[in-house]
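Below you'll find the structure, written out as structure tokens, and then a few comments.
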Amino acid sequence: MNLLASESEVLAPLASGWFLEHAWLIPVIPAIAFALIILIGKRLPMKGSELGVLSMLSSLVFALGAGYQWIQRTNSATEEQFVAPVIKSWSWWRSGGFDFGIGQHIDGLSILVLIVVAFISTLVQIYSLEYLRGDRRYTHFFAALTLFSGGMLAMVLADNMILFLLGWEIMGLCSFMLIGHWWEEDANSRAALKAFFTVRIGDVGLLVGISMLYFAANDWTQENLELSGFSIRGISAWALSGEPNSTVIMIAAVALFIACIGKSGQFPLHTWLPDAMAGPTPVSSLLHSSTMVVAGVYLVARLYPVFYVGLDIPGGGGNLIVIIGGITIVISAALAFVQNDIKRVLAYSTVSQLGYMMLGLGAGAWLPAVFHIFTHAFFKACLFLGAGSISHSASHHSFDMKRDMGGLRKVMPLTFTTWIISTLALCGVFPFSGFFSKDEIIDNVGYNGYNLFMIIGLVGAFMTAAYMTRATYLTFFGEPRGASAGHADHGDTHDTHDSHNSHASHDAHSSHNAHDVEQSHGPHESGLLITVPLMILSVLAFSSGFLNATPFGESWERMKLWVEPRSVEVVEETHSGGPGESLIITLPIAKEGQSKSVCGSAQPETGICYAPQLNHAPFKWLKAMMSMAIVFLGIAISWILSTLLFTKSDPRLVGLTQRVKILGLGHKLLVNKYYLDVLYEKVIVRSIAYPVARAAYWFNQNILDGLLHGLANSTRRISGWVYKNVDQLVVDGTVNNSATLTKSLGTAAQPTQSGKLSQYAALLFSAAAVAALVLVIINT
Amino acid sequence: MFVNQFLLLGAILFCIGVYGVVARKNAVLMLMSIEIILNSVNINLLTFALRNGSTDGHVFALYIIAVAAAEVGVGLGLVLLVYRNKKTISIDDLSEMRG
Amino acid sequence: MNMLQENNWLLSVGTFLPMVGVVLMMLMPKAQDQSVKLVALITSIATLAVGIYTAFKFDFDQAEKMQFVANEKWISVIKSSYLIGVDGISLPLYLLSMVITLLVVIYSLDHVPSPGKPKAFFSLLLVLQTGMAGTFIAQDLILFFVFFELVLLPMFFMIGVWGGEQRQYASIKFFLYTMFGSALMLVAFLALFFKTGAESFSIPYLIENGGSIGKNLQIWIFAGMFVGFAVKVPMFPFHTWLPDAHTQAPTQGSVILAAVLLKLGTYGFVRIALPILPSAAREWAPYIGGLAVIGIIYGALGCLAQTDMKRLIAFSSVAHMGFVMLGISTLTSFGINAAMFGMVAHGLITGMLFFVAGSVKERYHTLEISKISGMLTQMPHLGWIFGFCTMASLGLPGLAGFWGEFPAILSAYNPGAGLNETVFRVFMVIAALGTVLAAAYLLWLYQRIAFGTPKNSGHDSHSTHDELHDVTTYEWVAWTPLLIGILVLGIVPNLLFSVFDPAVQVTLSAFGG
Amino acid sequence: MLSGDKLQNLNVLAAQWVAPTIDYHGLAPELVVAGGLCLVLILDLFMDERKKWLLSVISSFTLLAAMIPVLTLALSDVQVRSMFDGRYVVDNFSLVMKGLFLLSGYVVILLSSSHVEEGEYWRGEYWFLLLSSLLGMLMMTSSRDLVSIFVALEFLSIPAYMLAAWRKRDTKSNEAGVKYFMLGVFASAVMLYGMSLLYGVTNSTLLVDIAAQVTGTGEFSAVHALAVVFVVVGFAFKVSAVPFHTWAPDTYEGAPAPVTAFLSVASKAAGFVAIVVLVYTAFPLAQDIWQPFFWVLSALTMTVGNILALKQHNIVRMIAYSSISQGGFVLMPLAVAGMSGSANSALRSVVLYMIIYATTNLGVFAVILAVSRKTRSGEISSFGGLFSYAPALGVMMTLFMASLAGIPPLGGWIAKFVAFQSLLSSQSSWAYALAIIGAVNSVIAFGYYGNVMREIWMRPVPDGDITQIKIPGSLALALGITSVATLVFGIFPAVGLHFADLAEIAGALSR
């Protein structure tokens, strides 16, 4: 459909453009590239990696182009005009009256995430060129990375839930392949299995949710929009139409959110994410920090109306999403304190940042949450790549901060700088990007009436600052230790990480040959292929926040303009689908604060509404200062403690956990990750995989299969004729069970065949006599 | 009418014959019991023929007598055969095959 | 149902061509194994060629109609005629059987299982092919029954002669189970015949008049058919023959069994039981659905308890067919489309898995999961193929398996008219959980077999390293079509759905749409 | 003591006697066979030992020659030829059955010839007895009178007794003969008693006359019931229906294999002929008496036969039990033959079943004979690995077994199918019950048929010697005929059904 063909008096035609129209190419390119890499990758000079990088670059170009044109589109619209998403869809397959489409749904949100994904993927692939050089499965690695990007991009611009699901699952598969990249080691493949399986459990929710939404919404959407019940746009409109039965949509929202919990590593399904660090560092930075794990968040943002209505977000007080988000923030932040593995620290921090996003979405702070996706992507990717760079060039592929790092700020200045920038951004220090997103979230959460969770958010900010400081201190300050001190050999690094993070040794032997050289001399700065992405990312980590710098007034809130959908009613001309040709009916704009606005969950009088009316907290420097203070407090305390503990090894602190019982218990609890894994693996999984399955199998073999056996046995005992045949029958197990039964009957009948002539005669006549008698009686 | 007595006689003979077949272990005796049954049949037939005043009964009876003779011939032959091989005519010894 | 008569010789040729090959082989002197193989190969290729020609001639715009219909006198005395034809439902399965047979023949060219006897082996293969193809084209109950039974003996011998340790037990068990089912099915057919006025056995006729039978009677007749088909599927309580048969059968046997034979049962449901006895079907649907989901969970649990790779795959068949039956039990055209797709997809995927299992057995001389490890390092290609099938089998979107599984689950959300929604929604959730378990056991299997470092201790002392060769040419030739099929159907499911849909719609017209 | 006028009366009756006109064309088959057997008997006296193989040729050609008048009769436009005012009738039914008897007799001769040549047998008598027994069967098909039925029965039985005891030195054979004889005579005696009662209540031995009067109800119904049961028992014994089957296994095992083949096919068929004729022409109105009787008989027969067959180790004995249970399937439709509409289909099913069963079972015996030439053993296990050294025999045996088990597309299935069909056509609940029993039995049956297949295909050769089996020409011919027939009947059931459909019994009360 051509979106430019809009005739409307009130309405300025929306600008569009080639890139917007052809945004669907963005995922297609990597998909093709993946196929090529698989087919001819090995024969190429760079083992197929060039294909991956090129495809990602071109996707990035397309995405940026689309972004640019989207901005034009939004600018071309009037202030209160609904900026229609650019939707194209083709029928994919049709069955039983169902029409499964495939197509693109381009609006601010999808553009934003598209750009992020394409950008990070590009950088990470470039980074990997160096980082994985000489790896055994170099080509496979790039193939998987590319496929992942393809899947993620497809999911992001999906116009219906089926395509969305497809991308979602493909990401899951790729994460399985990439985590298990070094599958020779059992731990890695088990981590991969765990990740896939945990996420898969969540996916049940996705399946159920999609089905429910489809059947609940389909009639309405078909009638009003001529869209199938899978179409994201249709679902959103339906959710806000006031039609839906509240319980149905509530269950659907919960079901979908379960999927998000699994994918975005929210409590209680977060346990897979830290283990996923077993994968190569680029994978961790791409999939498990900046892109894939935000898919869950993206789903919530994408189908926001469903959650908005289903979970009654405007109601305030508390709902599933904020609760889960809040819990996640705190517990994972707490976990980050006891990790010695730098990547695990980052992993837990990722989990808690995702918690922030969920918190924001749950509390109606849609824009800040989405914005946090954006900013978080940059600084977290940067941090991971930094960690990778350290292990790559300084600590002989170990990630253990306490053992193999320390004092690296001198040897790796670049890495250090970028790390510091990103850390500050993560902590949300004022001019850095983190501040503008995270602080906004906390602020709006409070503003929308979720005060308790605002406090949780602040606590989280404090903890974040604290554990990041600890990590930074351990890594870059103090005295060089272990490998980074240059006197570490491989045997050492091998047995250092036996229990939980043995991937390190794999970094080692996988890219072994490539690093023999570097083992000779000690820690040093990494090569350009690694540092350049670091620098780019750190620049963005600093600056990206200004895209929506609320403190500096309306004019700076570009994101609000570009990304946030405007919640006005659109009168559809249903005969010519597509909201591009939509009329504005001028309505009083809903006033701030009244959540039951015309586009809230109340039934609008006329027209259709695609986005809920959202509130925005007015920025107050006071609150900002307050949170700043908290952050700095966290940094300071943690700094002091770290110095005392790690450098001065102050006797009052060292072994404190051993001395004070409470702390000891807490420490133990944290080290054991709240025993959640124990619960899952030892209790749940075991109980399914072993007893239940055993029982089922036993049932199969002994009850069902043996039913006839049993019958046969009992009959035999009763008649007691052929107990000796049993063994034969069972041993040469040729005779079917029922045959066994009938056979034993046969044995019971055999004596009639005694071979005695007189008995035969007797039988013959008596039978005849009896028959005659009976029939005579019957017939007279 | 005195038909019933004859029929009764026939029935009694039939029962005797059946008893003989079932109870006797001696092959020759079995043959004889069978002959008794056949004769009971003959008596029946003749009685009925007389009662109904038709000749079919007599004809049937004649046939039976003739055939019975043939049967006995064959039967005794078989018994003789058995006796030659097993030196006994007790049919209970003829239970090689069973089950 | 109106029918298209033109070139109605096609189907008969396609069905009975293999018998020509059999006769040829019979005439050959015993010694020449090579020429026997050659004949088998040529025959199956020719058969497939005819099949493809049929597909070309097939008018896809009228997929709902019976096409190439031939209606000859056969047993006029008992009102049964040689009535054959294909519509959108039959055609894909008809072709599937031909493709699978050809691939199996190719695979067998250098994999004739012990104890040799290629002549007998290939003859049985071809007889099987005739039986399978015939079942899918038969439009007369008696004809259907004949073909349905015709596959029994060859499979019986294939398991019993070329099978594993327990082969004789497995084969007899397989046979008696199936025969028991079909005996009751025959009685049901006859009852149907007489209750519809003893006019004809032709399915179209019965579809027109079957609805008129009283409901209780329908339920009983349906029960007879149910047993017959459910044993073949196999559905939950009747499945115990399957693991034995699959585990003991030679690779080729397992492949055909999984790829085509199991489909005869589900096809029977769609083609015969549902349209002829609609109101009985409505009564039965919840129970069928219930057994189906039990089968899904049960099969998955069975898989988790296995230590033998092949047996695990066999149990996974129980689970997958559970999804198919769930789709059928919804009595919606959507669900049945899903079921039909699931049948084809399961045919390709599980068939492929059994091929892989066979090759693993051949190389490692064991199927004990615990004894195999690091296949990816020893035989990367085989490992990747195995992984591909695993992913397809656990219903990864973009591969064929998904389009059978997901729509089936989806359709259970609102079943056809007159069915209890709550019950089926419960089924839906359980089935969705089933997908998780599927992921669990398949990945678990894959992780332990393909990942990790090779174990060279003990078990393969007698499997020297030249035996651990990667995929051979024959295997490539035999497997590539399946792999491509899995991928293509996954990306363009409409290829099949567009064919099924019209026919399914017509089939369901008995239920008022 | 007869009074004078009665005697007078008899004389008058005798005086009015006129010689019946004899339709020689109608009697031609019997006459040919009769001539043939006289020829054999006479030649046997004068022919010297070395030429006696000619006797088998002669007798086989006699049977083929007898087929010619059967065909001409079938083609002649006179549908029904009735002699001796309806006591001896040549109708389609009898023609079809005559054809069956002649052909199966021919196959039996093919089976016997090589068997009889070896071992010291009294060849001439063998052929003579075989032919005379066949002659009795031919008569049975046409008899429509109690007397002629009785005579025919004895005519076909007495030679059979002697054939069963044929191996004079072999005690088993003697035992077989004696058992068969004693029980047979006993059964026929019981039957005769029943016949006498029939004659008494109806004052006629002509079936058609009896038909009008014998009913399940009304005056004398008790006597009717008694009579009908006793008469039926006589033939139930012949078809070895449980519980009158006890002789069959022992006799079959003991008798020489070709004789067993003959007994299990031809004489069983003769019994069914008699039953059908009686049921359709003599007791059409008494269905209340015989329907339940046949129901029970058929259920018992197929079940007991099956479960006992499962236990057998001796192939012939196993076949004996299998043929018993097959008999149950033949009886199945008769259990509803009295109901409206199912009479014709029941007759058709019985005839068809007998035709197909005859071909298949003869084939089985042909294979058994061929194999036992090598293995010299009657054990089922002696078939082990047959496929590996005699694939042709193995495949044929498999075909026959599958056909007996009723697996499409072999002859057996259509026979079973038609039986089920005609049974269910009555649509009574009894019919469905019996059908279920039958269905289950047809599954159980595979237990032992499949066992033989298993031996042939999946078991090693017991004594490891895999020398080829030399099959004499006659045996090969028999094998060819039977296997081809089995396949044809299965794949083109119309062929068998055509003959079965022709067979209508003249004078049968059609419902």
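So that you can tell them apart, the chains are marked A, B, C and D in the order they are listed, and the count of residues begins at 1 in each.
We take it that a residue touches a chain if its C-beta (ideal position, glycine included) is under 8 Å from a C-beta of that chain, and two chains touch if they have at least 3 such contacts.
Just so we're clear, the structure is a prediction, and the values are computed from it rather than from any experiment.
Trainee: Can you figure out the chain closest to the middle, judged by Cα centres?
Mentor: The chain sitting closest to the overall C-alpha centre is C.
Trainee: A-C versus A-D: which has more C-beta pairs touching?
Mentor: Result: the pair with more contacts is A-C.
Trainee: Based only on mean CA positions, could you tell me how far subunit A sits from subunit D in angstrom?
Mentor: Roughly 78 Å separates the two chain centres.
Trainee: Centroid from C-alpha atoms only, then distance subunit B to subunit C, rounded to Å. What do you get?
Mentor: Using C-alpha averages as centres, the distance is 65 Å.
Trainee: Counting in whole Å, what is the centre-to-centre distance of subunit A and subunit C, each centre being its mean C-alpha position?
Mentor: Using C-alpha averages as centres, the distance is 36 Å.
Trainee: Report the inter-centroid distance (CA atoms only) between subunit A and subunit B in whole Å.
Mentor: Each chain reduced to its C-alpha mean, subunit A and subunit B end up 96 Å apart.
Trainee: Send over the residues of subunit C in touch with two or more other chains.
Mentor: 168, 172, 176
Trainee: Counting only residues that touch at least two other chains, what does the list for subunit A look like?
Mentor: Within subunit A, the residues that touch at least two other chains are 734-736, 738-739, 750, 753, 755, 757, 761, 765.
Trainee: Quick one: which residues in subunit D touch 2 or more of the other chains?
Mentor: 178-179, 182, 186, 190, 249-250, 311, 447, 454
Trainee: Give every touching pair of chains, nothing left out.
Mentor: So the chains that touch one another pair up as A-B, A-C, A-D, B-D, C-D.
Trainee: Show which residues of subunit A lie in contact with subunit B when the two form their complex.
Mentor: Touching subunit B from subunit A are residues 750, 753-758, 761-762, 765.
Trainee: Residue numbers of subunit B touching subunit D in their complex, please.
Mentor: 7, 10, 14, 17-18, 21, 27, 30-31, 34, 37-38, 40-41, 44-45, 47-57, 59-60, 63-64, 67, 70-71, 74-75, 77-79, 81-82, 85-86, 91, 94-99
Trainee: List the residues on subunit C that touch subunit A in their complex, please.
Mentor: Interface residues on subunit C, with respect to subunit A: 166, 168-169, 172-173, 176, 237, 240, 298, 301-306, 332-338, 341, 374, 376-377, 391, 396-398, 402-403, 406-407, 409-411, 413-414, 428-429, 432-433, 435-437, 439-440, 443-444, 447, 450-453, 492-494, 497-498, 500-501, 504-505.
Trainee: Contact residues on subunit D for subunit A in the complex?
Mentor: 178-179, 182-183, 186-187, 190, 216-217, 221-222, 224-226, 228-230, 233, 237, 243-244, 246-247, 249-250, 288-289, 292-293, 296, 304, 306-311, 444, 447, 451, 454
Trainee: Considering the complex alone, what residue numbers of subunit C touch subunit D?
Mentor: Interface residues on the subunit C side: 30, 73-78, 120, 142, 145-147, 149-150, 152-153, 156-157, 160-161, 167-168, 171-172, 175-176, 179-180, 183-184, 186-187, 190-191, 193-195, 198.
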